[in-house]
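Quick heads-up: structures coming right below.
You will see chain A twice below: alongside chain B first, and alongside chain C after that.
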Partner chain A sequence: MMSASLRLSHTWLRSNSRMCARALSSSSVHGMTPVGRTCQPLTVGVALPRNWFAPQIQTQVNRWMSSEKLTKALVEERVLTVCKVFDKITADKLTLESHFIKDLGLDSLDHVEIIMAIEDEFGFEIPDDQAEKLMTPGKIVQFVADHEDVYE
Partner chain B sequence: MALFPQLSYETLIKPLFMLRQEVLKLYRSFLRTAYQLPDHKQRSDVVDWVRSDFKANRGIDPQNDEQIKSLLYNGQKMLQELRQSMDLASA
Partner chain C sequence: MASSASHRIPPALRSQVIQLYRQLLRLGYQWQAQSPSNTPTERQYILSETQRLFRANQSLTNPQLISEHIREAEARATMAVHYRNPYPRPVNVPPRSYSKQVGKRAGKAIQKQSELSKPIYVKSIDDTVPK
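Moving on, here comes the complex of A and B:
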């Protein structure tokens, strides 16, 4: 099971890197390489546009890629924005403590999608056994803060 | 077991309560594959198709091993086909 998911993420990262490299090379000035735009696998997932990503997320992505320091408040803001953009969540019921399944009426498939969106937003993979415990935005914030060593 | 050669050995021997994890993994693999599509319209179409297929099978008896495994098998087959057609299209 472990090797299968590693293989999957490796394939995903590899093919995403190829796409990113193609995109970057097409937009670069002929004969010059853009400075500092090396294609590191973990950032590629964030750079790809998705059909339900709102523009707010793209600006936050750009801020992150310009290495603004992560604070807990910023993590909260981004996690809540990702949840708000999800079309099945009504924004007024969304709080840090609202349970995805019990309060917001989602099911486990929607939860998988939300976790994937969080992975793409912050640029790291979340293994399945830990992902299934992240049932409120607050827990996601805690998990991301722990992973990214954000103390505040 | 010989009926489902595509499913990995780990999947076949899994007890019932862990099959749920396999289903979620398959869903995630589908979505990851779909997000590689460059065309946004195609992407949302594929995502809608995957979602509706998974949700249509939501009501099946959770005790029914064989049915769940056969659905998983079909799903993995379709994922392979999706990946192959995407490779063909991007080549």
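Moving on, here comes the complex of A and C:
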């Protein structure tokens, strides 16, 4: 009797974890689909100017292809990559704690552009009142981690 | 809008400007042209025009001037969405007021007439006749 109940609880745990995995994968797929934004495929004849608008299409493609679970290290890496691609930021001065306006010398319009790039990268919208508090890459990482329930 | 004393704009207007900038950038990224082959060009136009004009008027401090520019941005955005055309809509010159001269040399009446006849959405467009 003891072994039967143990066996039952074991199968319940296994099916539960399968459901959890399915839920995780479906939510990650949903997060990676560009919400409300259609992505134009890059055709050969179209010459998009090589400024920092172009990489956003590329990062969306990367997101569709990758199916890994989000970890804090991955979030940090992606946030810092987005910041490095921004042409007004010099990559050597960029750390997690560098303030956009005070240390990196940007202004509030540049900050809006960076927040939009982060929204585009992770696939969810950031409301204005919370966006104006995200003044360092570290705070952005924290916000994204809280939003996407990343615990590590 | 750097935080220095000379660039002090009223905080209510400042948040409105930043909200507007965000809306226009979103409009640009999600833009679909009437003929799909034009979509990248028109997107690039919206984004570059937004950036150019916002940066050019970055250091304004007069609240009335700032609200006029805000109105202009909203008008152009609404028209772009309505007509599915991001380019500015041409405006006719009022009758008997065309002059190759610019500014004071054109005469007061013509100058006043051209100022009054220009709608808000062509405020930042410079269509003076080149010499």
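As a convention for this text, the second predicted complex is superposed on the first by the 88 of 152 C-alpha atoms of A that agree within 3 Å, B and C clash if a C-alpha of one lies under 4 Å from a C-alpha of the other, contacts with A are read in each partner's own complex, and residues count from 1 in each chain.
To be clear about the criterion, contacts are C-beta pairs under 8 Å (C-beta built on N, C-alpha and C of every residue); 3 or more make two chains touch, one makes a residue touch a chain.
What you see is a predicted model, and the numbers here were worked out from it, not measured in a lab.
Using the contact criterion defined above for the overlaid structures, shared-chain residue A:108 touches chain B and also reaches chain C.
Residue contacts after overlaying the shared chain place A:146 against neither chain B nor chain C. When the shared chain is aligned, no partner comes close enough to touch A:97: not chain B, not chain C.
Of the two partner chains, both chain B and chain C are touched by A:128.
Touched by chain B in one complex and by chain C in the other are residues 48-49, 107-109, 112-113, 116, 128, 132 of chain A. Listing the residues of chain C that touch chain A in their complex gives 1-3, 14-15, 18-19, 21-22, 25-26, 29-30, 32, 39-40, 44, 47, 51, 54-55, 58. Against chain A, the residues of chain B that register as touching in their complex are 8, 10, 20-21, 24-25, 27-29, 31-32, 35-36, 38, 40, 43-44, 47, 51, 54-55, 58.
Those residues of chain A whose C-beta lies close enough to touch chain B in the complex are 1, 4-5, 8, 12, 15-16, 19, 48-51, 107-109, 112-113, 116, 128, 132.
Within the complex formed with chain C, the residues of chain A that make contact are 36-38, 40, 46, 48-49, 53, 56, 101, 107-109, 112-113, 115-116, 120, 128, 132.
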